[in-house]
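When the chains are written out, they are named A, B, C, D, E, F, G and H in that same order, and each has its own residue count from 1.
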């Protein structure tokens, strides 16, 4: 009976603050962090959302602001003194819990130096959501020996987030070496026919390794969310 | 030491049959089925690969041929009498084990009647890989009550494969209703500005639900592989 | 408006001011507002067009400048003292009539906080054209309960303008819940594979709800024009 | 329609026939016809859905199958003797009511001879949904006098559906001549840089006439749905 | 005998100034102006090329620099005192002859105010190449009466350059009203699905008027070159 | 006064035959041939249009059907005994006049053997419209000596139609060798990254020769129309 | 080849057979084979070109027809009895010399079974042009051990042609393992977001290995030409 | 280079400096220069990588930083006093050896003045990798005589790098004039339908000259790498 279903949903918790409806429930349903996507919001809007999020002192949810800049950070810092800014990835973290709820380790692998910002976004997100995290940087496929050197690390992970720009070939190679799920994140690294990450995105969607799925270009946050959601299963 | 890594890899098992190198190891690493991608191979090639796969009588690996047609099926039937053809999805299955190794249920949800072939490919693949499977068909977002009616089924799944063409909005709605991973499969259903599944693909990559990842257009097989790989964690 | 003035304008359908032909007639044919599209025009050009528009003191047409910035506003303010600037959407309004000519209510629904600028452009346009307007913000499909909470508001509207970026799924869900026309506006919100609104545009063009039509990306103005034109029928 | 019947359907909003969930409710919410999209469904599936639709003898809903072919028609004919096939547009109609519920006339204008199939789909849909319809064919913008010749017809319509391929310029010109809403339908007519209707689609989305909205390429059905939904306001 | 052909070509005049080979011959073959494309060249490079061009005092060739800015103009002004800068279009002209060599009038028609920069580039180029020029601005197709009002001007031209952004429909309408060649120039005016002029470009390439040809987006210069080349026939 | 303009246009001649409005006037305005675009019309429709065209026995207009096939030809042959089919290009010609009205020669140059069908369409069209025509086939730029060998032919033409697929470089080279207008026709020849003529189209739009304009992919007919229209100036 | 014959051809650089200009000279300049691209030519045209090519009995040039089918082969067989058809790749070879003129070995590596047709085209071309050839099939990057197993073969080649569809990652991995040039050939293998080889093409263009260059999709012939041209240095 | 040093590096194939793994080995395998891609790295990161590279005083490898700016140069200058900045191309060179190891001359040909930056990147790279280099600038195909004038230079090269934007036709013409390999580099020069180099890229991929291969847009560095790798064969 749909009307009943409507009714049930109606009572789920969110707070209406005018320009936004803060969905505390989502944190419960989908992880142990409350998240604000900073891009396209004014510093004042972000700060106001964060203020609502940190209001419940007893809450153990970490707070994460992604795609932030120094202006947003300044505004957030004013409403929460222990906010921390990670400049490379533009992530703000407010740690309220160090509890580890994920069962295994999430490994973030990235191909080149310029993929590190996206990889960092993934790492911080996964950590804020209560996971043990490891990383492996600068292991592009044109120097395959650098990746093979670290096979042990690959096989010890429960979920792998694989970040790569340009041809986006890394997830295929990594996917072939392990049996756990690989979340591939194309990055907008590159120039010319990389088309701001489209080449990498297409490469990953066409991966011949069957344990690879893909998220949006530069979406380190999303990859970590999925990885975290898998790691809690 | 990369040379050592090379050496280790060198002894992994595959059989070279000229035009193909059958990788039994992959079945071990990545699932409990041996798989042939039928498209772009001649019936003779597919049959020969299947022949090698079913040679080890003791093996309990199910065999799956995807993107097959009646000609390929005829050729496969000659090398394996208990091959079965599923016309809607073009999948051939050779069942050699009914063992369930996945921990929970994989639910395949699809939006419209014309998405069913891809959904069936996902269902058959997930089953062949040792998972309990359920399905929920024809629950497109323009009649949201049809989906809400089945919320219970959604919340009982451990992994969800979500198949949709046209605007590809279903995974966002489903992803918002559950906390488990949702593997989204865009389909080439539609016409005009659906661009053979590109609209659905882009919709899914931009999903505002953070537990959604995406595989290639019409790749029901791949979605089920990932789902199965997650379900064994 | 006096029939005489109407007649006079009918026979003087546009004024040629060199770089532009101001079409008073269009305001009569297509709404109760005179409109300047600010983008790609110099502040001086916009101000000159506005000067011609407000010259007829007796006219009750509201004047609207869209895609304006503070420089354009400064220039317009000099020719019309009661011009008002709406910074979020970059709209300048000069109100000369509060008359309501639309028969019902136009409801503007938007998916995320960063879609609000486009939604505001639609709201201001619809109001300037003589319509009662309502809005419903931050009701994205990944938190479907936030939308369902407001079903009453949806069913009370005579026309709905539905603004969404990213996967653009909102109009399909809204369209399925009501029986009135839904004008969908994709926004350039998002990143990566949102391709500056293309993903949302394609999603909306492929909507499985049959009461949905689409306007250009970020075209809140156009959506409100059509909505207003329907609301006067 | 008796309020009682309406109530009954409201509480039985869809019938589940396995591969499809027939949504009688949608006909009530969104028009006076029940519709099956034929493409991507087997003749047997279409016929079964139609069978369910025509089962309630008392119902006055017309039935429409779009994107059908002669095979589908043969199957449908077997379950409903008075089904009629319109070969140009591939539409099957089963008329059960001639009642006119739309307030004004829907005019379907098309640009070239090869746009007629899509225009016919729009005409048949609008008529099946209870509207008075008129048409105006072969009035492309390169012979603008042919269109101007028929200005009267344009100004007498309450809603206009405007079908055009190639450069898709017709809706802009028509939109500029009338003050009612114009639903633009790009067609896949053309070759080379028409890209199967993309050129026309883009042209229409960028229309400089502010009373134009757009539906998917070749979507004559959708345009008529929206037009009908507007015409009942 | 290709070698002979090579030899003949070898003696055609150009001056090698290191980073560029100034082709005086081209001015003879293709018009009565020497032209420098300013974009992508440093002010010093442009000035040096202009210096070589104006060195022959007796030459009557006008000099034109397109896509210039104030920095380039400052550098050019130093090597040629009577250089003139046209800020709207970014064109620098050095007039050395007022001779009219074109047989008829080249009319430049443009659709909107923001198309004027490109139209001005076309006008200045055509004039520098020895043609009588006329213009007709702000006659977009959504107000078709503004165009029809000026039919006389259209029919008096020997060649028409037609500049339009957004849906690019103007050349089709103009082309249908005249029997002379129409050179269509798409502009990057617009937003969203105009894709920086692609929508207009496609519209023009698909024009149903058979006397329309197309040049690159924003290429007012090129359109005027072709128009001038036709006007000298 | 637009109403007057409307009135004047209203009396231009066209015949309304239901599905088409035959525009005899266009033949007068735009050439000396009446033309039917065969693609997307049924054989019966084409034949009916031709029947109307040839009805006026005294007319000296040649009739041209483009994009025809053998079925269309059979139908046309029945209404006009002296119709002739050119299989390579799919053009049907009905010659009723051999009069030459063009002032000079139109030269059709093509790059490869597979570009010949489009070149033939251009040749037949130009001839039907009363022009002297010449051709030069298989002179691709990778064997530049083959083109240079024929420079004389190039310099004798008054207008050049230049047909090329793949990289579409021929018009740039030809344009640099002559001072007359060059109408470039990209063809859908090629494979892979030729994208059915897009590569050639883009190449031609970016031509560095300033006397080159472009028509749609495979549009030999359109190129000849423009060439003819220029050649009558 | 006798110097005299070479001289004679040098002064008769092409033979004009109407629809084609057979360029014997190119065979001398660019390889030791005469080549016809079969696609888009009629069987009769191909046969006539081959007839001219094989007319000089003394010539030692091998003849190659690419993209041929059985109809073309039948026609060619009639003019040259020792023509041989390779069905997988659609290549016809007429061997007239077994001389090896390339200095080293050209190795053709391919990723999947369905890439073999393109790989075969490359192999036959390289051999016909006088090179020693080797191949390595079915060594996709998701099973990296299969490639590493054959590292010796990789390091023994003087030039490598690397054929791959889907994500096109193979050339990056191969390029990183060797120091010789790698010619990458994307194939149209795959489905969905492979976009007929575009994904592989982009992957290869963005290769992070610096010894990789790219040819058109499915252009095994072109890759072998370049490889052969390098191997003769 | 002493065999001992080679051996040492072979067993220490990369140095891990945290954010990057400096691969001295690659310099040995793939050329005689160590290279840093500057874009996307901070000045500090680049300088640190360079510091590691120049640490081995005895090494004779030249060091190259591409896509650098003045900030990166300042940082690099601090760790290596003899670093030199080439502003046009943004390349930093640190010369430690003048040894010529390439067998012939690498000729860099470019089409227009604005292609020179990319051509300079290719020249500096080729020289740093131990090759004799020559260049030929501003020889676009629309003035074919400028190219033919320099045929001798073309025929003296062992490998040609051909840099062109806009229509990208130069490699086809050059490829047809020589028998050595031509590495084509599309540049992002141009505007409108050049799509930042895509038009040139497609043109080159579709080149009808069979000795042409292609690298990424603006990738002068990559072209020189491949040319150098060929020139050492």
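The working rule: contacts are C-beta pairs under 8 Å (C-beta built on N, C-alpha and C of every residue); 3 or more make two chains touch, one makes a residue touch a chain.
What you see is a predicted model; the values in this text were computed from it and never measured.
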{"item": "Path length in steps (a step moves to a chain that is touched) from chain C to chain F", "value": "2"}
{"item": "Interface sides of chain F and chain H: same vs different residues, half threshold", "value": "same"}
{"item": "Identity of the chain that, by mean CA position, is farthest from chain E", "value": "B"}
{"item": "Farthest-lying chain, centroid of Cα atoms versus that of chain F", "value": "A"}
{"item": "Listed pair (A-H, G-H or F-H) duplicating the B-G contact set, over half by residue number", "value": "A-H"}
{"item": "Geometric centre distance via CA averages, chain H-chain C, whole Å", "value": "52"}
{"item": "Chain B-chain D separation of Cα centroids, rounded to whole Å", "value": "36"}
{"item": "Chain B-chain C separation of Cα centroids, rounded to whole Å", "value": "45"}
{"item": "Chain A, residues touching no fewer than two other chains", "value": "2, 6, 9, 26, 112, 143-146, 176, 192-194, 198, 201, 205-206, 210, 216"}
{"item": "Chains that touch, pairwise", "value": "A-B, A-C, A-G, A-H, B-C, B-D, B-G, C-D, C-E, D-E, D-F, E-F, E-H, F-G, F-H, G-H"}
{"item": "Chain D to chain E touching residues, read off their complex", "value": "111-112, 140-144, 165-169, 172-173, 175-177, 190, 192-195, 198-200, 202-210"}
{"item": "Chain G partner contacts - residues on chain B that touch it in the complex", "value": "6, 9-10, 12, 14, 18-21, 23, 25-26, 39-41, 45, 67, 186, 188, 196-198, 201, 216-219"}
{"item": "Residues of chain C touching chain A in the complex", "value": "112-114, 116, 137-139, 143-146, 148-149, 151, 189, 191-194"}
{"item": "Partner chain A, residues of chain B touching it in the complex", "value": "1-2, 5-6, 9, 26, 29-31, 35, 103-104, 144-146, 148-149, 151, 158-159, 176, 178-181, 183, 201, 205-206, 210-217, 221-223, 225-226, 229-230, 233"}
